[in-house]
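You will see chain A twice below: alongside chain B first, and alongside chain C after that.
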Partner chain A sequence: MDNAKKWQIPIFITFLLLGILLSVQFRTQQNFLGDLSLQKSDDLVLMLKKLHDKRGELEKGLRELEQQQRSLQADVNARETLAESLKNESEQLKMALGLTPVRGPGITITITTESPMVYLDLVDIINELWASQAEAIAINDQRITPWTSIYWNKTNLTLTINGKEILYPCTIKAIGNQDKLESGLRLLGGILDDLAIYKVYPVIKRVEEIELPAAPPPTLNYLQKSAS
Partner chain B sequence: MKLNKWQLPLTLVFFISGILLVSVLNSLAASYHTRWHQKNQNLVALIQTQEKIIGRLEEDIEKTRTSLARSQEVLAAGKEELQNLQEKLSELKVQAGLVEAIGPGIVITLDDNRKGAEATQAKNPGQFQAGDFLIHDKHILYIVNELRVGGAEAISVNDQRIVTSSDIRCVGPMILVNTTRLAPPYTIKAIGNPDRLGSVLEMQDSEYNILKMAGFPVNLEKKSKVVIPPYKGSYQFTSAQPKEE
Partner chain C sequence: MWLPLLGLLIGIGIGSALAVPIPGIYVKYLSVAVLAALDSAFGGIKAILEEKFDGTILLTGFFTNALLAALLAYLGDRLGVDLYLAAVFVFGVRLFQNLAFIRRELFAAWLRKRRFSSAGGEKNG
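Up next, the complex of A and B:
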């Protein structure tokens, strides 16, 4: 028992130290593995090379994507330009067809109840206004289009435009150059002289801002674009 | 001998301890070996720089992909819009007479009454008025108006397309349509319901009928296919502008 005690203590101390040493060694090893700078240089060089390659690939990929983006953006821009020109042309044609409300300077021609005006007088006046470069015309807020029908309704005995009776006083409004429009009507031997024979005396007025309504869109059942 | 009992294990233990201690010191010494360490530090710095650049590149790629996808969506949506616009414009062009039109309708021909003129001149030279035997601008204007009443969807006079602003008038003996000189015989074509057009034109007091009764060589033909050329003029607006609603 005495003998045993004599060596037990040093042995104990020794093993304790041994344990501490082992754990320190293990910790060092752990740090060694976690810290890049403690890796073998060859491994680091290899890693750097791989990163370099990856970077190259990414740069190439990015360049391609950016190139795609640029050409796509050019397409988007071209499309917007095209859309704009299509809209402008449509707007112009709608104006020409009387499908858009318009405003501008022009003249008004008013014919009162007493005048024995016939529908052909209206056809003549409108023809004269177009000849004087009118840009838009309406009769009592019925916009003139290529499909406007003006006639004498024999059943109701009414002056008719697009199926509606023309009420007096009848006002024809035309947008365009006021001088041209007025001189066209007042031409010697022109429409006003013709009307005066039948005692129709329209009142012509210049108006700085005339507003004309739009006609409803036409329903065309027979007209087709030719295939060519 | 008593001593030997614990001396051997102790020696062994110390021996192992010594080896371990050396190995620990070795690895510590190795890790701080300056030259080797310095070289690795440089490599590590390079690696870290590369990693940062790669991180940024990956971010850029993601951003570009996102904006690319957005542009593609815009473009795809725009394609539909563009198609709608094109269809709308194409429809307007048909209505505005900017393309050749085709459809059922009627064809009318009018000519000056030369026979009547010769006969009257021979029989009754005193009462002869050359103008009575000519087709005038008004005849054509009123026939065009009658065609519109009959629901004509497209009209032409001697291949001049009649549009909204077409004027029909004369200068001296010349008839102008769209400011283009026309010469007899006059061919007026209209697309629409042939029967309806015909019935308006053949009414008792129609302009066409009046000419026919007066002996002018006129003709009216209903057709299943009439071809009308496009309007060659331009639509220009200097006074009128669209009213904002």
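Up next, the complex of A and C:
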């Protein structure tokens, strides 16, 4: 037993140190194995080949994805162009139909109180303006649209447009080519000559910027697109 | 009897907790030193079994063997001779010899013990 006591402490110390050394070496070796510079060249070549192959695959995938992105982008562009052109078309149609306020150069025709005229004359003037390629017309800020009614109320003896009474002096505003519009009205034997017989002398003025209001929208309850 | 194992476990625990970073170029020398330390430790156990144990010799042997092995490996690298292979060979052979001796001794002790206990449970110091 005396003998036993003599060896206990040195053996314990020795194995303690051995344990420390072992664990340190073990961990260091683990890190060491991960270090590329100490790998065998055969392994490195294999690794390189594998990585090269993988890179090729990934590049191929990248190309495919880029292709996909391009086609999607083209799709999106086409859609955007389509949407844009549809929007433009819709804007133009709305302007032509009188659903949006418009402005542009044109002429005004003013009929004063002293020169009364029947509503048919008004219709004649509007027809003449349309024939002279007017793009938008309004009478006393009532926009003329395909569903505008010009009506002579016999009981009240008043002229109504779209059910609204028109009071004199009445002003017809038309947007379009000023020369064409004016010459259309002043045509020899045209509307102004006709009116002159009845001593009606409308005043025609050229205006560089006319603003016309929008008309109320039409009702579309029964309309359907015909199959053609 | 369980002291070496206990010491080993505590040492591993300390080593893991300390997390000493060893630069890559010293790993080879450290491995040789570890081999030398292993040899010394098993040599110590062998000495106990032979009843020739001396704590001073064990501890000095432990340190000098480890350091010398590392130094020799380093020197070998400087000189372009793979001296660390010699250290690995020598310590490896000795390690196996020590282990074989320990195995034989323990087996013999176990056999003796069984023979005595079957003979009538006599106690032997």
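As a working rule, the second predicted complex is superposed on the first by the 168 of 228 C-alpha atoms of A that agree within 3 Å, B and C clash if a C-alpha of one lies under 4 Å from a C-alpha of the other, contacts with A are read in each partner's own complex, and residues count from 1 in each chain.
Assume a residue touches a chain if its C-beta (ideal position, glycine included) is under 8 Å from a C-beta of that chain, and two chains touch if they have at least 3 such contacts.
Predicted, not measured: the structure shown is a model, and the values here were computed from it.
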{"item": "Which of chain B and chain C A:L46 touches, first, second, both or neither", "value": "neither"}
{"item": "When both partners are placed on the shared chain, which of chain B and chain C touches more of chain A", "value": "B"}
{"item": "First (chain B), second (chain C), both or neither touched by A:W7", "value": "both"}
{"item": "Touching partner for A:P105 - first (chain B), second (chain C), both, neither", "value": "first"}
{"item": "Touched partner set for A:A196, first chain B, second chain C, both or neither", "value": "neither"}
{"item": "First, second, both or neither for A:L22, with chain B first and chain C second", "value": "both"}
{"item": "Contacts of A:L167 with chain B and chain C, given as first, second, both or neither", "value": "neither"}
{"item": "Touching partner for A:V118 - first (chain B), second (chain C), both, neither", "value": "neither"}
{"item": "First, second, both or neither for A:A74, with chain B first and chain C second", "value": "neither"}
{"item": "Shared contact residues on chain A - chain B and chain C", "value": "3, 6-7, 10-11, 14-15, 17-18, 21-22, 24-25, 28-29, 32, 37-38"}
{"item": "Chain C contact footprint on chain A (complex, rising order)", "value": "3, 6-25, 27-29, 31-32, 35, 37-38"}
{"item": "Residues of chain B touching chain A in the complex", "value": "2, 5-6, 9-10, 13-14, 16-17, 20-21, 23-24, 27-28, 31, 36-37, 39-41, 43-44, 46-47, 50-51, 53-54, 57-58, 60-61, 64-65, 67-68, 71-72, 74-75, 78-79, 81-82, 85-86, 88-90, 92-105, 138, 141-142, 145, 148-149, 151-155, 162-169, 191-193, 227, 235, 237-243, 245"}
{"item": "Residues of chain C touching chain A in the complex", "value": "3-16, 18-22, 24, 27, 30-31, 33-34, 37-38, 40-41, 44-45, 48, 51, 53, 55-56, 58-59, 62, 66"}
{"item": "Touching residues on chain A, where the partner in the complex is chain B", "value": "3, 6-7, 10-11, 14-15, 17-18, 21-22, 24-25, 28-29, 32, 36-39, 41, 44-45, 47-48, 51-52, 54-55, 58-59, 61-62, 65-66, 68-69, 72-73, 75-76, 79-80, 82-83, 86-87, 89-98, 100-106, 120, 123-124, 127-128, 130-131, 134-136, 144-151, 175-177, 211-212, 218, 220-228"}
